[in-house]
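As structure tokens, here come the structures.
In the two complexes that follow, subunit A is the common piece, with subunit B as its partner first and subunit C second.
And now, the complex of A and B:
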């Protein structure tokens, strides 16, 4: 850069010649130079400001654009997430105790129509009526040509039907994806599983909701997406359940009963291994609830938990167990059984006359109403009520299907001494067979209360002690004698030492009083008697056994053979090997010369 | 020196830009692959659950019972009975293996030969 001198010699000399002050020239030059420097600095500063300004404009534009983009764009799932984070939107499966499927989901399609998009509604309606015989072509045409913009035609389609609808080729017929609840075993365990149906429906998906049984009881668990890969494991055993259903169905037909139920329960854990109620239904095509007639005539009615019946003589063992536990009697105590026993206007009779005196064991073996009523008199109202309450006979069972909440026992409105006497032999108190199973489990497992459950449980805590181990053992010996020499002689199954008690109760009529020729026959059994593992309740509704000269209705002729056959079929499946029964102590007699 | 630094920085920027460009596309590729794999997994899960449902359907007890009845002549399947439980000592042990005699050495003949040789 050429530096201009502040005092150029030529101009200085010139100024000196003219007599001017040469310093003025220097000052003038300094001024000019300063002006130049100032202009330069300003230009640079302006440039910097411009650059900085540009930077801020760009930065804020980027931020603003990004914000605008985020505000207007659709939210998106993160595309990269941790491995194994699988969210199954589907309802959780239900499996049995060994993991076999009882309920699962199946992809299917629903058919809907958008009439405004239809090209040939007449043809579509005719073809649809051909594919689905239950649809009416005229009604469909009315819907298609009316003002409707949208309508569901079919909830579930089979692949063949879907293909056939495709072949109609109308753009107004559309398919929606559906998750369908499938019960691959058909009628098996229908009352436990219940059924499912659709809740809120959309084009892309529909809500599957449980409508009965465990499906409804555990609806929240099954629907929770976090449980999608964790199936609900029940205590049922698929094989045992199938065998029990087959045997019970055969038994019901042979005994001309109109209904039947059976419960097989583990005496220690309260797990229900099999529960059957006949007649049954297919949960894949759950029938509509009956609107007329008795609820118990519908196949949806679950006799095992909803049916509260007076279960008759099966209750006698509770009275005897309590009397022994209170120390009132021993199995050998002699009871006065002279009949009939009068109480006010009522008379208590036995089925047959068994003599005027019997031991407590005989009272059970021969099933004497009078003997049990006498014991109940000694026990008293309060103690009996408290005892049955502890066994869980006075409330609902808490069994985990929704129907169980409706199986509330029917108690006498006024629990008088007469009620105590009738309840002692099973009349006046109506309970469900599930209550009875829990009660017998308590007798068999040494006196602990049992909570019936449908869930597989590993080591449940022991229930409250209801009575002593000794009275439990003594009761079991009596029940065993009922089978070996009493009313349940058809119940003997070689190798399984069945113990049990029969009960035949007259059915209460719809207008009060009891039917003469309609009974509920029950056999409550425990096996093996010397080491109780399972309790089996078989109840037949209105059975008649007609092979003899006159029709027989007692449980010993109807429920007991069915139960015996069931034990014969089911015990090997449960892995119980037939054993030789140890000799009862009472059978060993002292001999001396 | 300064010129050299400028060139080096420019080259660095170009290099980084190229690297970022490549990484961007590699990431997009990986994401696309993940998406595809995820869809495959989902499909496989669906197929699996469908197969499980079908397996359960084919193994339903009443169908097996019918099959056992239809094929009774060939299979002779009956329900399990208590009598079928046995003891371990009821199981027959396999018979002792028969010793296979080969390469017989005729001792008597050998003895004869020996006595002949002595003579």
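And now, the complex of A and C:
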């Protein structure tokens, strides 16, 4: 840039010659220079001012826009959580197969405090401690006078407690509305229902989430507002469930057992009409999970699906049914039962000696381990394994309560021929009573696999055929004879033609081996035998019957009478009329032949 | 103006003051400011009764006081706007010196009113916050220095003004009053930007501001708590922000109705820092948008008028004042909608506060004085076009 000097020499000299003040020239030049600079600065500032103006327009627009967004969004009470989905407290009811309420919701209130709004914290703390004896006045006062601005005091209030808090009259004590899960039947079906607790909590509502049982398994369904609070209908029958629990509880006490479970299942649909596990609890006040001791000692433990036991001789009928289905034997085939049966270093014995040979029917009726093991030898490892797999004995049951997923059968690590022989009479393979119920349902319904379910199902598709109708019929006749002339003679209930099989398994000790005096006694029964409708499993944990000379622990003396009493009570409730059992037609044929 | 810069004898203007004032003042901006003041009184009617009840006064005690102070403020604004830029500059420099001394003496004679920061002088009937008066004074002084530095053989005004700015910022940060400190820093930055700051320096300064904020966050609990409250995604329901957000949502488009709002009962600062929340709740989005539009038009109109300004001092001082006003309003409203971290910043003219409203009045008076229409050498521009010098 070419700039004229402030004191151009030629003009200065010229001015001096003329006698003018040369400073005037400098001043004039400075003025012109300033004008130039000022114009430059102004041009530059023009652009920058426009940028600044734009910035303000944009910034104010952003504030306005944000204000608009906020103003058009839904107002809600300030919450502890961040903005997100609203809390849906609505939870569908749970009803039994006839529509009776098993679980419902109840409007209640939670109590919270806003200490800054309190008038008299000392009085409030004292009065609260009087209303709720578990609260400590000193601690409350500390909270009320400290820096806290918000605290929950009680999660659930009864109307009386709420009125009492009202009467304290402190504006800093406030109530939040709550939907509380209520189980009006108390302990009934506790293990099926499980329980619920609060999830996300807000001032206007709190989420109710299932913590166990169907409440947890169907949590998404129950909480889904799209279902329009349509209740979840279970297959349970409330009256049958009540009767079953009562009988089983009495039986458990009489037989001095430490636990018991029973399952009543429809043999065709797999619907579980009643399922009991004792000891039980109240889902309204669900106890804390046990932190010490065996999990199975906690009342929360659901023996029907979580308790995997070696169920003993009840398994024999599966072996016999398969042997008949494969055409290896007929009910009259004579089996060598000379004991003990040696296999390597192992010996298989019977409870008592029943003679050196007997028919297949007798093997079941007398419950011969040796006879069953011989049949298993004939069947072989692979075929037995495939058969039990088809019956669903090797996987979890898929029963719709969350605990069922933990009831995985315990298989032998190496399924040898010896395993096959022991499994044939129910040792070496541990399953839950629910597995057993499903297996017996298949025996009873003509050979179709059954999927146990807790939901009411009208006409479920028939399961896969596991064995033939004829084998099923023949097995049922044998099971009937177990009751009429075998180990389960106490199981006879007039008019209901009970069929079934006992099983007494020594409990495995905690350090390997088996206890001598602790058993799991099981009676797997089907009734009525001539037209099977229901299967009932009764399992007692460590029963001992002491009315005789020596303590008796076998299922015939313990589980069978309990099951019989239960059938006597629940069969009329299930709508079954007592009938006269038709004479076994095949028996007549056999004799005429 | 030219005469002023060169120190020549000022020529007395023959035209009477008032007609000339009316002819040259920016009437639109002035109307906007008057409307804002009225809105402030209206919201004071809504927001201050809870405070009055708490302090044992009659319901509209604070509204009356605000009206009184507002009248003073309007008078101050009108008088200031009638002054010539030279007179404004002289008085502003005197005022700046007084405010600066007052600010420096604050730690010894000030009071904190139990709010955790020593910012006020209690005068019995009213409280004065010197920083409010310091801001417009500082803008004028800094503009003067920067403009002078542009002259041939001028003083290094940009450096001087920067030193002054930093010392004020430090004093404010020690109170602590980070909001005002940011505002002063911002005002200086804007003026420096208009005065022709190199781009590299602007970027560097932005980085420095971030650094300073980080240090403040690390060392000041007061500051850190507010930033944390902003950064956390959850609004604690019992914080001021939680209540403010809720109030805006409750208000919707048309508000819950006059006197029906609830937020003023929960917020301790409903009549000052969060008055926009009261406005949003009782009168709805409509009034909030009107308020935003009023501030935006004052700021943008002033800036557009200054685009044509020939005198660098007037341009710089006007820009600084307009931007400070705009940014203060923006920060206040930005906090309420959670765009910005919480800071104690009043909404000029609308918020309750004696010294705040008077200081705002003086500042806007100066702005109006600077944006008055005056000959900008258009004719000489036309004549000089094509003429080579």
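One rule holds in what follows: the second predicted complex is superposed on the first by the 494 of 593 C-alpha atoms of A that agree within 3 Å, B and C clash if a C-alpha of one lies under 4 Å from a C-alpha of the other, contacts with A are read in each partner's own complex, and residues count from 1 in each chain.
Keep this in mind: contacts are C-beta pairs under 8 Å (C-beta built on N, C-alpha and C of every residue); 3 or more make two chains touch, one makes a residue touch a chain.
Please read all numbers here as calculations on a predicted model, not as lab measurements.
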| item | value |
| --- | --- |
| Greater residue coverage of subunit A in the superposed arrangement, subunit B or subunit C | C |
| Touching partner for A:66 - first (subunit B), second (subunit C), both, neither | second |
| A:33 touches, of subunit B and subunit C: first, second, both or neither? | second |
| Partner chain(s) touched by A:515 [first = subunit B, second = subunit C, both, neither] | neither |
| Subunit B versus subunit C as contact partner of A:577, first or second or both or neither | first |
| Which of subunit B and subunit C A:351 touches, first, second, both or neither | neither |
| Subunit B versus subunit C as contact partner of A:100, first or second or both or neither | first |
| Subunit B and subunit C contact sites that coincide on subunit A, given as residue numbers | 79-80 |
| Residue ranges of subunit C touching subunit A (in the complex, touch as defined) | 5-6, 150-152, 190, 193-196, 233-238, 242-243, 245-246, 248-253, 280, 284-285, 288-289, 292-293, 295-296, 299-300, 303-304, 306-307, 309-310, 312, 315, 319, 323, 326, 330, 333-334, 337-339, 389 |
| Subunit A - residues contacting subunit C, complex | 4, 30-34, 36-38, 41-42, 44-46, 48-50, 52-53, 56-57, 59-60, 62-64, 66-68, 70-83, 114, 116, 149-150, 203 |
| Subunit A contact footprint on subunit B (complex, rising order) | 31, 34-35, 41, 45-46, 49-50, 52-53, 55-57, 59-62, 65, 79-85 |
| Parts of subunit A lying in touch with subunit B, wherever the complex brings them together | 79-80, 86, 88, 90, 100-101, 104-107, 182, 184-186, 188, 238-239, 242-243, 246, 493-496, 568-569, 571-573, 577-578 |
